[in-house]
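What follows is a pair of complexes built around subunit A, which joins subunit B in one and subunit C in the other.
And now, the complex of A and B:
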């Protein structure tokens, strides 16, 4: 009686049950969009606040010194009624001209001036090296699992190991890398120790991704090739890998995002808090592999925990986070777009 | 001609390269197989190296405990514990004073000065109560010095031994012989400490008398509620007094030669309530504060992430339009790509302050623990970890929902169930095993997360005060992952502290393997399929 009569036959009747349904479904939807909102909030804040450091109003609109200089200390002081903010090098020049500056009261903040070039380079080197190792190992393992292996105890054991390896916390990989590469092998804190640590960490991701791509290649491709008398290896090389490779690479890009984003594994294996030399400024070629590098994620950790938060340090904190986030986001976007693209391309 | 017939000449006559009796194809197969084994090897190597660096810990920890006993530190700590209990009682009194003060200024409006004046008698009582411990305090500080001196002697001796060993290793026997090692005679060294027992008895008796005397002068408090607290205080003090003889018997029965059982090195780690390093007195490596910290942070994170993650999965899988699905899924994948260190920075720079400001809004003061002043605490870290756990839970739960056979849904609709009934009563229960394992894997992800807790959990190594009820979530803690990341860079290689960190890593490793195992079991055991 109390329910309003519908104006036409097909209009939904708003019974209490229906109202409850839409309420609860609304809650589910609310949860979904709340998550998206939180993510957007994090992104938005970092991008909004960090853009001020990375971009500028004048041409070339990008703050090249922030991207291309090494970190320096920032000196803040009052000089002839003006507030001066100078980086280390500029401060020394200024001091040579005005010796009286030394007596002035000044505050200094480490890493707050200059840029983050060594960190960007370090992160790129770490990513390239570790992904090379991880792809070699991972793709080979996937080929074995998908093409050669017969189901049995041994294979089940390998799969179990891969599954478990995926769940090991990144800090444990860090400890392991420290114990094995840094101490036992005596490589010290070095690029190569970081490469292997990160490669092992990302291995399960690469194996799973590669296996999926290999599985997507139709069985007929292999059977046709084998029927023509090709050997197993010829079949894989000529008729399976070429079709699986794009998939393997795009899915592995997600692994790159993981490698670039992790801090804990490189903390004691590869990352230096600060290093004056750039990675290619080495005496011997072999030294290149055995040097520590600065890395973006570790730099963010250092600048957000080891220096105070104020208007002078904010610049480098948000700036670094911005560059890092954009880098990782770009990698992730590429992966997602490429994957969707690929899904549409190969259909057989 | 004859010869060729014996060795038939094939058209395809490629000589096969053989390596260790394997053909080229076999070699390739072995190469790929070898790479597949890498994951097993890595898992094995992780276990091995964690054990290699960490296994020495228990031996060193036992040595640590033996010295603690032999140098008399344990003896002194019995008396110190008595003194600390007294301090706890005085803290109770100062809390009581604060309550009275609030009562005086708020309920019976008085100026601050007048309120303080009205409390003069109570202050007098509290002051006297605090002074009663004086005889014991002098004794403890004397004993502390003596015991530390013995420990230092022992450490010096150990260092000398190490020096000699190193010299011998380098083959400089002459120099090694010159290193004088004076063994520590614990029996003789401990004599003065043990000799203070009569002095302790006298001090304890004086202390007890003092307490009795002061307790008799306890003032009566204005309200029944406060008086009840005062009565409880008296009761606590009486209990405390009743414990004195037990301390004396403990001291009398104490024997430095009593061996430290090997299991204690293990139990003092697993059940130890204190993680105290680089202290002048005694280092403790108890993992409980760290485990509790990790679990508290994860609990808060999961409480937030499970409803959100599972809710979002149900929404996307069952309710959302295809266009929405296409938009939401990549977005959540995107969130999972946010590096944890960036989230940690976000917590330090923005969320910590924002949550604290929120807690200080007056109409939210009913929330337990609000308002609070520590910017970095369980809540801050938990909120950020929730954002890390949501994508994991979402993706896996969505997979599980996807795997529910279509027929289930159709059958439900055919029976006249509404969409809501179908989702709640059919789809979700059918995929429950998958959802539970998704939650477990989310837990694994959260427990192993390092940077967020290192930056945002507050890093106070103490078991949070659970008597505060739900407000416990606004306290700072330290976690297993955080402690490794924080202290690993500073410790001396091979020291007990260094090894302790590896043992914590081992614990984390096996914890994550365990969680993984349970998650897999649940999926396999309760998988629902047609037929």
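And now, the complex of A and C:
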């Protein structure tokens, strides 16, 4: 490629280095867009297929039955030349009117009719409880490590342990929770065992992030407060923690997504495949804590692996995944709004 | 020393903040010949060796800071001015591995590093203004009332009164009286530093320590703070660290010159700047080194 005579000193020309650069940039860009495409495909499929379950054409446009009912089995059969698809309750009513259906050939699919209300409730309860425990323990530990403990071998060892703990697969936390809470403490498969297992799983992240947030608060605020005759704890409570809170919340948003989404930690500790009653419909108060719950991620696991895949079951499979995504997004948005609100209040 | 030791003891529930205040009547306050001269010693720094871990930052420093006077610490960077200042309200306690290996610092005869001294009580009496102004990211009002609220004062009328008094005391009232609820961080650099001074005087300390309070300020803001120091000197004992010779000359009564962790010369400011006894002092104040 012979270079034409430049018309001025800054004349652009394609040197090999230039060409290599555009090639490399092209590759990097391509990789980025490929990732984006995969993400869009995953979300797109779930939204496209799930929205059909959750929304409907006629008012109120949301399929309230799917959101507010318990799961039921779906009965599919031919009746007088018509194909019928009925959930448990409807099927029983229908059978009362037409006793002959009992003799008809019918297929039935569990969990494929009705809704997923108990799973939504269960997941919300798991998230709120475990995040409360994780934040309480995590922020306390971070305050101790960052403000009180003297840096030494032991503290450095603890930090290292916390860091490593963050990388432990969630199934290991699940087994730990099973051994510790379910068996050793004798809590059985229960909401409270799930709370603690999930809390322990996100604790390393919460501690590390809380410590970072505490570190980010300028030393001058602490010194200024101490110089006015505040105790260390007064200083932390009034003049450090409020400013660190937005950062702590940011980290817990990630924690929320994990707590809401992980299946492995709850499958041995908190999740029931099916529970007829809602968590608060209990005989005695303690049963609220000591009974398992249904949960969205576990329900997704069940309906996608324990029942056949076909046009009748697809409804609940994609619908559940869709609701799950929306729920996590909503919780995260709430925390982001809360965080921004706090951040605007304490800016420096 | 023996007679007044309980003053700084951890007796917070009982002892009112004012036990430390009585100025001239306390017998222990009277150093030798105190009743005659107005030069009454408030802080007695006695042969102090100070260490950061293994490195010694102060070597055998002795000086007496007088009550209701402005004392300036000058000297080249790293000579230990801040270190000594932070000894006076025990801010050095916050740094791991610091210790006073020898000597003592007495305020009104009480050795402030004694075990039974309550550091909280000490810091209420010995306030501090930092080099980098550090208003809290709260409203101006909350900044001023921070110290009082810590002491459990919640009476709105009383707080309002203190806010006005302190802001007037720090020559800031007229500039901020209409926006007390605005953040302290919205003020200019000079205003922020005066806010920090107001915050310090709101708890009515006896001593105010200032570590290069004007180093980040422009000449106009500096002049304002200096003016303020002139007004405060009648009510507080002020110790100020400065790199600015003129500032030391303008606002202080006594000046201490430090070099490499040693006190080289301590005398009336006028004498330090006009007829220093030491050749190093002379070289420093005339700008030939440091």
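The definition used in the following text is that the second predicted complex is superposed on the first by the 320 of 348 C-alpha atoms of A that agree within 3 Å, B and C clash if a C-alpha of one lies under 4 Å from a C-alpha of the other, contacts with A are read in each partner's own complex, and residues count from 1 in each chain.
Going forward, a contact is a pair of C-beta atoms (placed from the backbone, for glycine too) under 8 Å apart; a residue touches a chain by one contact, two chains touch by 3 or more.
In this text, all values refer to a predicted model and were calculated from it rather than measured experimentally.
Peer 1: Please work out whether A:16 is in contact with subunit B alone, subunit C alone, both, or neither, and reply first, second, both or neither.
Peer 2: neither
Peer 1: After superposing on the shared chain, does subunit C or subunit B touch more subunit A residues?
Peer 2: The partner making contact with more of subunit A's residues is B.
Peer 1: In the superposed arrangement, which partner chain does A:329 touch: subunit B (first), subunit C (second), both, or neither?
Peer 2: After superposition on chain A, A:329 lies in contact with subunit B alone.
Peer 1: Based on the superposed arrangement, let me know which partner A:239 touches: subunit B (first), subunit C (second), both, or neither?
Peer 2: So A:239 only meets subunit C here.
Peer 1: State whether A:224 touches subunit B only (first), subunit C only (second), both chains, or neither.
Peer 2: Touch partner of A:224: subunit C, not subunit B.
Peer 1: Applying the touch criterion given at the start, work out whether A:81 contacts subunit B, subunit C, both or neither, answering first, second, both or neither.
Peer 2: neither
Peer 1: Once the structures are superposed on A, label A:141 by its partner contacts, choosing first (subunit B), second (subunit C), both or neither.
Peer 2: Only subunit B; A:141 stays clear of subunit C.
Peer 1: For A:60, select first, second, both or neither according to whether it touches subunit B, subunit C, the two together, or no partner.
Peer 2: Neither partner.
Peer 1: Quick check on the output: what are the common subunit A residues between the subunit B footprint and the subunit C footprint?
Peer 2: On subunit A, the overlap between the subunit B and subunit C contacts is residues 231.
Peer 1: Enumerate the contact residues on subunit A facing subunit B in the complex.
Peer 2: 17-18, 20-21, 24-25, 27-32, 34-36, 38-39, 42-43, 45-46, 136-138, 140-141, 143-145, 147-149, 157-158, 161-165, 167-176, 178-180, 183-184, 200, 203-204, 207, 231-233, 254, 257, 260-264, 267-268, 297-298, 300-301, 304-305, 309, 314, 317-318, 321, 324-325, 328-329, 331-333, 336
Peer 1: Applying the document's contact rule, which stretches of subunit C touch subunit A when the two form their complex?
Peer 2: Subunit C reaches subunit A through residues 89, 91, 94, 96, 120-121, 123-124, 127-128, 130, 132, 134, 136-138, 146-147, 150-151, 183, 185, 196, 199-200, 203.
Peer 1: Can you list the residues on subunit A that touch subunit C in the complex?
Peer 2: Checking each residue of subunit A against subunit C gives 150-151, 218, 220-221, 223-231, 234, 238-239, 243, 346-348.
Peer 1: Quick one: in the complex, what on subunit B touches subunit A?
Peer 2: Subunit B residues touching subunit A: 24-25, 28-29, 31-40, 42-43, 45-46, 49-50, 52-53, 307-309, 311-312, 314-316, 319-320, 328, 330-335, 337-346, 348-350, 387, 390, 394, 418-420, 424, 441, 444, 447-451, 454-455, 481, 484-485, 488-489, 493, 501-502, 505, 508-509, 512-513, 515-517, 520.
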